[in-house]
Structures are given as C-alpha cells and as structure tokens.
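Heads up, the next two complexes both have chain A, just with different partners, chain B and then chain C.
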Partner chain A sequence: MKTTTANSQPVHGHRDDVGTKIGMWLFLFTELILFGGMFILYAVYRFKHPEEFHLAAKELDTFVGTVNTMILLTSSLTVAMSIAAIGQGRKNLSMALIGTTVLMALAFLVNKYFEWGHKFEHGIYPRSPELLAKPPGEILYFGLYFVMTGLHALHVLIGMAVLVIMMVFIKKGVINRQSYVRLEAGGLYWHLVDIIWIFLFPLFYLIH
Partner chain B sequence: MQLSEEHQQDVNHHRTSYGHYVLVWLGLLAFTGITVTLSGMDLGRWVIISTLAIASIKSVLVANVFMHLKSEDKVFTVFVLVAVATLAIFITLTFFDYAFK
Partner chain C sequence: MTTADTGTLAAEPDFYHAQTKHKGILGWILSTDHKRIGILYLLTMLVFFSIAVILGLLMRLEMLTPGRTIVEPQTYNTFFTLHGVIMIFLFIIPGMPAVFGNFMLPLMIGAKDVFFPRLNLLSWWLFIAGGLLALVSLFLPGGPADTGWTFYVPYSIRTTSNVMPALGAAFILGFSSILTGLNFITTIHRMRAPGMTWFRMPLFTWALYSTAWIQILATPIIGITLILVALERWFGVGIFDPAMGGDPVLYQHLFWIYSHPAVYIMILPPMGVVSEIIPVFARRTIFGYKFIAYSSLAIAFVGSLVWAHHMFTVGMSTTGMFVFSLLTFLVAIPSAIKVFNWISTMYKGSIELEVPLLFVLSFIMQFSIGGLTGLMLGALAVNIHVQDTYFVVAHFHYVMFGGAGFGFFAALHYWYPKMFGKMYKKSAAILSWVLATIGFNCLYFPMFFLGYLGMPRRYYDYLPQYQSIHIIATVGSWILALGLLIMFINLLTSLRRGPVAAVNPWGGETLEWKVSSPPPLENFHDIPVITAGPYDYSKYELHAAEMK
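What follows is the complex of A and B.
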C-alpha cells in the first residue's frame, strides 16, 4: 500500500496514471453521447416506421455482420493481452499482439468496404435515385446505417492509427514495463470502438 | 522497496489475466452466437429485448475485464454509471415525448 509522509512526492515526479485514465474516460463519454444521440434517432424513427425498418433490415447480410463482430471482439482480446504483456516486460509479444489487432481492424474495414460496395452496386447509397424511390422509413434506415457504420468505421481507422503509434512507442521504449499508461489509454479507445459495434450490430443486422 | 513490491503484484496480476481474458473472449463469442440464433427465431418484439440485453451483458464484460473497470479505483465505475445513466435519461425522455404525443 502507498503510505504518504508529510512531504512525500511520487517517485516518478509528474506521473499521474490515474489522472491520465480519467482523462481518457471523460473523452470516451463524449463519444458515448455522440453515438448515443444517433441511437436516439434510430429508436425514434424505428418507432415511427416499424414496418419499413423491418423490411430494410432484411436487406443486410447477417453473416458479414457476425463475422465482423467476431473480428472486433477478438481484436479487443489482443489489445487487452498486449497491455498485460508490456506489464511483464515482454516487449516483442506486446508489439506482436498490437500488430495482430491492427490487422484485424484492417480485415473489419475490408469487410465493410465490400459490404458497402455491394449496396452501392444495387443502387443503394445516400441520395441515390433507387433509395429515394423507397418509402420514407427505408430511406431513414439506410441513412442511419451509412452514417452510423461510417462514423464507426472512421473510429476504427483512427484506432488503427493510434495503435500503430503505440507500437512505435513500445519499439522506442517510450512505452515500457514501468510506464505503459499510454497503451492503456489507447486500449480503452479500442474497447470503446468495440462496445459501440456491440450495439450497432444487433440494431442494424439482428432486429428485423 | 515499496515500488518493487507493487510492481511484483502488478506482474502477478497480469500473469493470471491472460487466461481470464481468453475466458471472457470465449464468453463474448458465445453471447454473439446466442444473439444471432435468437434473432433467427420468430420471437416478435422479444427479439429487441433479447438482443439489447445480450449487447448490454457483452459491453459490461468488455468494460469490466478488458477496460479494467473491475480492478480500477471505484471512482471509474461511478463515472461510467453517471455517464450511462445520463444517456439513459436522454433516451427515455425523448421516447416518452414521442410515445405520448
């Protein structure tokens, strides 16, 4: 346990790991509200157009969505393990685990690319004549689908960049066994991206 | 002295966590399987309830274990609960507005 004497200073001078993590969590809350606002839109529009949402949801491929869910869940595991690894001083293992995470993030985006591409081929993209000819509820459904999964994909992209930077930090020894709160913060971001997908997946793919 | 002791605890903590993480990951995959299977059945409006309940369980698992909420200072959990409660209030109030207009 930490015991504090009258004029004790933390051994590491200015380090405040708890403060860093609280800062990261506060940022995550703003993300929660950002996506939360869109979840409210989804809920209200679904309530107003239940039949049309039902029809539109059937056009998404549950299989692709399930595969992407599994990819993201696994990438969350590898990030959590990379933090445990650096805590043991296993630098290479930690970097390899982060590298695996980045590859899985890439696989997620490739799937998303083909999924969107498939929709585009069928003439379904924002403001497409085919989409605008559909009933209002379906237009809303696909509008929300593209905005929410698109914004989420953007987060995946940013998460990949963050994780690559973490790898460089580990390589250079900036992140090391004694000090790895940066990686923990990066990991928190990645897990949030995962949690958002945990909700996007059922809302768009599973609830018909 | 103190520091190295703490560090040792930290290392032990991480050593036990690999297996723990894998278990949680398996649980997350299992829940995904369950929720997909349930959505394939004709459950009517129960689908919404079951999928959202499972999604909530999954995110609690991710937050508690992968995001270390369980081992972190309790103040983190309080923060998260306040944030989630705020969002829940937003959603509920908006919904009441639409449901009873």
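What follows is the complex of A and C.
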C-alpha cells in the first residue's frame, strides 16, 4: 500500500460543494416522503369517499388559494435570483431579494391565518360539533386539510428562519461570491416548500 | 502484513489523548470526531440495552407461572412496551451504524472523518434527547406507555398512559437515524480515498450504504405516522380514528412501510460485519464479493416492498396477500446468497477460531433459523395459524437478537482492540459466548413450540399445559443473562487491565488495521492510495497450496 504525500483531504473545514448539495438533496428526499405519507392517506380516503370530498372541497376559497400559490411561486423566483446575485458579488441585492422572499412567506402565512380563522368561525375545526355532525368523508377531508396545510405552514416558518439566517451569513460575509453553497442549500429548501404547495393547492382547492 | 507489537505506529497521540478544543467531559459530548461519537453511542447504548435486558428478564420471570408471579397485568403491559421500544429504537436500529459505522466507516474508506461532522454530533444529541424522553415517560403521572412498541390505533389514541412522550421519543430517534444515514451516504460518495473504487470498498461499507438508504427513505414515513397519532390525541383530526371515519388499518400499513424495512436496517450492518470477519479468520479472499455487495442493495430494495406480510389477518384483498407473500419469499434469495457465500469463503480456509468468529458462527446458525421461520410466516396458510403467537416472538428474536444482536457482539469483539487499544481475556470471552449461545437458544427455541401450540404473544396469563415450556424459556433467559454479564465484565475490566493490543491483532487487510490502536485523531497522516480489493489473502492461499 502506498500513501500520498500530499494531504488531499483536510478534515474539518474541507470544502466540497457537490457533497454538501448531495446531503441537502438527501434531506429533501426525506421531506418529500414525509409528505408522501400524507398524500397516500389523501389518495385512499378520496377513493373511499369521492362524493363527500367533492362537497367539502367547495367550502374552501379558491381565490385565497390562488393568491397564495402566486405568492409562493414568486418567492421561489426571488430566492433563485438572490443566489444569482451573490454569484455576481452583489451582496446588497442578494440580501434584498431574500428579504422580499421572507416578506412573501409572511404574506402567505397571514392569508393562511385568515383562511383557517374563517373556517373556525364557521365551526369547522377538529372535534367541533358542527364538523362531527358531517359525514365521515367530510370530517376526513378537513382533518387532512388542517394537518397537511398546517404541516406545510410549519415548513414555511422553518424556511423563513433558514432564509433569515442566510441573510445574516451574507451580511457577515460567511456567504460570499466565492462560497455560497449554504445559500443554495437554503434555496433548495425553499423550493421544496414551494413544490409541496404546488401539489396541495390542486388537491384541496381545485378538484371539486 | 506488518504486525507491530504495540498499538502505536506514529508519534501522534491516539484520539483519546489528542489535544481537543474542550477539556474533560465537554471534550466528549461536544466532540465532532467520528471515533469519539462512536464511543459515546456505544456507552449510552449499552446502558439502554441493559435496561431493556432487565425488563426482558422480569417478563420471563412473570411468565414462569400462570397467573400472577411478580407483577400486575398492567405492569406487564408496560414491560413489553418498554422492552420493545428501547430494544428497537434505542439499540438495534441505531446500534450498528451509530457505533461501528461511525467509528469504522471513515477508517475503512480512508477518510479523516464523516462528511458532516457537526451533523454527526447532532445525531448523537438527538439520540440522547429521544432516549431521555423515553425514560422520563416512565416516571410521569399516567404511567408508562402500554401499547406495545407498535403504537397501534385506536388503542394508542384512547389509552391514558404516557403515549405522547414515547411517540415523541420515537420521532426524535427517527430524526437522529435519518441524519446518520444522510451523513454516511454523502461520506461514501465523496470521501473515499484515491483508488478506492466502489468495488474495492469493504463489505461492511456496502452494508452501511444500503442501510443508510433505507434509513433515509423509510424513516420519514414513521415520522409522519407518529405525528398523526399525536395530532389525533391532541386535536382529534380523525384520520386514524374509526369513530370519525378514519381507518386503523391504514395506520398499520404506514407503520409497517417503515417498520419492516427497519428490520433490514437492523440486520444489514451485522451481515456486513460477518462479511468482514469471515475472510479474516478463514484467511481467504471473500467468495462472491460482488454478489454480497449487490445482495445488500437487493435486500434493501425488495425489503421495502414486503411490509403488509405483518397484516395478513387484518383484512386485505387476496391478490394483495398473494403479492406480499411472494415478495416476502423473494427477500430470502439475497439473504441466502450471503449465507452461501460466507460458507463458501470458509470452505478450505485455514480457520482460526477466535472469539469474533465464534459469535459469527452463532449468527449464521441463528439467523438461518430466524430467516427460515420467517418464510413459514410469509406463507399465507401457516401465517394465519401462528399470527400473534409466541412463534412470531421466537422468529423475530432469532433474527434480531440471534442475528443482529450476536452480530453486534461479534463486531464488539472484533473491533474492541482497535477501538480501545486493549485486548480482552479470551477465555472469559469464549465462556460468555458459550453461555450466551446456549442461553439464547434455550430461551427462544421453545417459543416456536409454544406458539405453534397456540400460546398468544403479549398475554399475561396462560393455560397450565404451557407451563413446562415457559419454565425452559425462563431458565434460558437466566443463562443468557449470565453470559451477557460475563461478556460485559470482561470487556469493561479489560479496558484497564487488558494487555495493549497490536495494530493488527487478527491479520485483517482492511484499512482500519493499518492505523494505530486506538487510531490517532485524524486517522491517517497521509491519505492512503488504494490499489487492490479489501480482502486479498492470496498470499496465504498460495502458501497453503505450496504446503501441499
């Protein structure tokens, strides 16, 4: 066995952007499968109760859903642009774009808050007498609706926190023109939040 | 091969004595060194393992006589729940990858650490958090969880016992498992030493790689399932609650979509260890290297498609049952490929019956019994007869304890000199092996009969005609416990009193045997360049041919 004289692999502080991105993608797989479990449940229950799912879906506000979809899609664009900006060394522009993303995420959550609040006002929330009076398929629809959009909203919150940390990193210069794999990973996470919504939106709002 | 007399090769201090950022205990619990993290896992895991063994012993004692022997029925329910939760989530599933994977993977592929060292430390912290949460649930008002480790609904959403902390613990442990898997895959893809091609990797690395994929792809499913049970308890969302239209059978599907592949998380790494140990002590190049490597991937893949064989009696279409039964039989093929390759490796080898190989031999026998009875359970007709009986208990203990557990012990005895730089007492180790093997078989083999005769699992009481078999099993549990006790005392006392271990006490050819025992902080001063496969024993084989 021979040994290299050159120390080709310094530990702690080694730099391998491809490896970091592989790790991030693997993590995204786990997130997709986490939601995958919910999508299986949705599919099974929709198959079992097509009529009741149809009726329950009419109670959701397609307009609010559409607005939120547009907000999220645009926020994915701004995050992608912030990565391009830092690649060109435009630090302030990159931070402004991330800030815009976070604001849009906030707008999404505010809409979601009013949407849920509206449901609660109508007596539709888990274990409410009004909901329990409905047939099983509708109870399941709203059960899935609250769990899936709730879990998604939680991911939006985590994503916002991640993006704020990225802004701090850019400000401090940890993320810079030469090294911005962290921002790319954060961006990937934000796109995940986006893509899950792209599936939630038609399943709950559009299919009547 | 050069076998130095002492454990030190270079002038560098080993990782126990190397300069660290923090001193004392902080130097351990804040360390990102994969070796220290491996040792941390080992110590914490042995504590959890001991607790679960004691619970198992108490259960066996309770079953010594029909009716009440030492505890009340409710206590017995919490015993089997905790025994299962601790053994599965805190020992067998994380065990091999977290302890030996962490310690050995970077060494075996010629790297200085794993790819994400800090994430690795986070995994251990999550592991500790999950373990503590499980322990805390014992002492909170309401009593420990009594659902069995499977948390089946609707009971788990109705019981007033502390299911929530147990669910939380399993969820956090799942996170820890995912992060370890993610780390290992990235490490194997990006950090192999120059010249270490995929097919020059040691087979333990292949096993870890396959395991890591299951960890990543299966664990999120249990995560969401446990979240749903928790949401069901808190808010009553109805998804699994039959009173609101939910379907408990769907819970079982989701649970087993994770928990069956989890069986392969438990067994693949020990299989990898067996593939390491046999060529070393048979002094032969491994037979069918590529087949063993691919069979790990095949087990991981097919094993992900067989989950519903746990549910043949809960109501499923005949076609579904047929398909799952067939797929179950198919998993036996890659498993058998491994067993045949191990046996073929030993054939005409110059076998040295050292302690690690003894545990491996027990592994092969017990795993084969566990595997073959698994086929019986996979057959639809037999399954209905023995579903939820002691036959199942015997089967999975043969695979998990007789297989994975003994594989763990084999790994412990094989890598002990490398990890601690000391050698244990051989005579005591052999005694512990004899007692553990006899005790294990005396404990679990009778359970096949017990189950076949109709004794259901998890029952507190039983008919008098079952008592004689229960007595044999309980006596077996004492012999096994004695064996484990001797093993641990031997390993613990040898830490202080054992002779200094050589760099390569067994004559292994993989990279971990090229560095000092224990290894220096950064493993390799110069990253090695690999020019051949991991098990090149041709010189021994040539020598043997010349002797003839």
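We adopt the following convention: the second predicted complex is superposed on the first by the 195 of 208 C-alpha atoms of A that agree within 3 Å, B and C clash if a C-alpha of one lies under 4 Å from a C-alpha of the other, contacts with A are read in each partner's own complex, and residues count from 1 in each chain.
By definition in this document, contacts are C-beta pairs under 8 Å (C-beta built on N, C-alpha and C of every residue); 3 or more make two chains touch, one makes a residue touch a chain.
Since the structure is predicted, the reported quantities are computational estimates derived from the model, not experimental observations.
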Quick one: is A:L77 in contact with chain B, with chain C, with both, or with neither? Answer first, second, both or neither. first
Is A:F146 in contact with chain B, with chain C, with both, or with neither (first, second, both, neither)? second
First, second, both or neither for A:R127, with chain B first and chain C second: second
Scan A:F27 for contacts with chain B and chain C and give back first, second, both or neither. second
A:H191 contacts which: chain B (first), chain C (second), both, neither? first
Which of the two partners, first being chain B and second being chain C, lies in contact with A:T69: first, second, both, or neither? first
Looking at A:V18, would you say it contacts chain B, chain C, both, or neither? Reply first, second, both or neither. both
Mind sorting out which residues of chain A both chain B and chain C touch, each in its own complex? 2-3, 11, 18, 22, 26, 29, 33, 36-37, 40, 44, 48
Can you tell me which positions in chain A touch chain C when the two form their complex? 1-5, 7-12, 16, 18-19, 22-23, 26-27, 29-31, 33-38, 40-41, 44-45, 48-49, 126-127, 132, 135-137, 139-140, 143-144, 146-147, 151
Residues of chain B that touch chain A when the two form their complex: 2-3, 6-7, 10-11, 13-15, 17-18, 21-22, 24-25, 28-29, 32, 35-36, 39, 47-48, 51-52, 54-55, 58-59, 62-63, 65-68, 72-73, 75-76, 79-80, 83-84, 86-87, 90-91, 94-95, 98-99
Which of the residues in chain C come into contact with chain A in the complex? 32, 111-113, 115-117, 119, 178, 181-183, 185-186, 189-191, 193-194, 216-217, 219-221, 223-225, 227-228, 231, 235-239, 244-247, 250, 254, 257, 514, 522, 524, 526-531
Report the residues of chain A in contact with chain B in the complex, numbered from low to high. 2-3, 11, 18, 21-22, 25-26, 29, 32-33, 36-37, 39-40, 43-44, 47-48, 62, 66, 69-70, 73-74, 76-77, 79-81, 83-85, 87-88, 178, 184, 187-188, 191, 194-195, 198-199, 201-203, 205-208
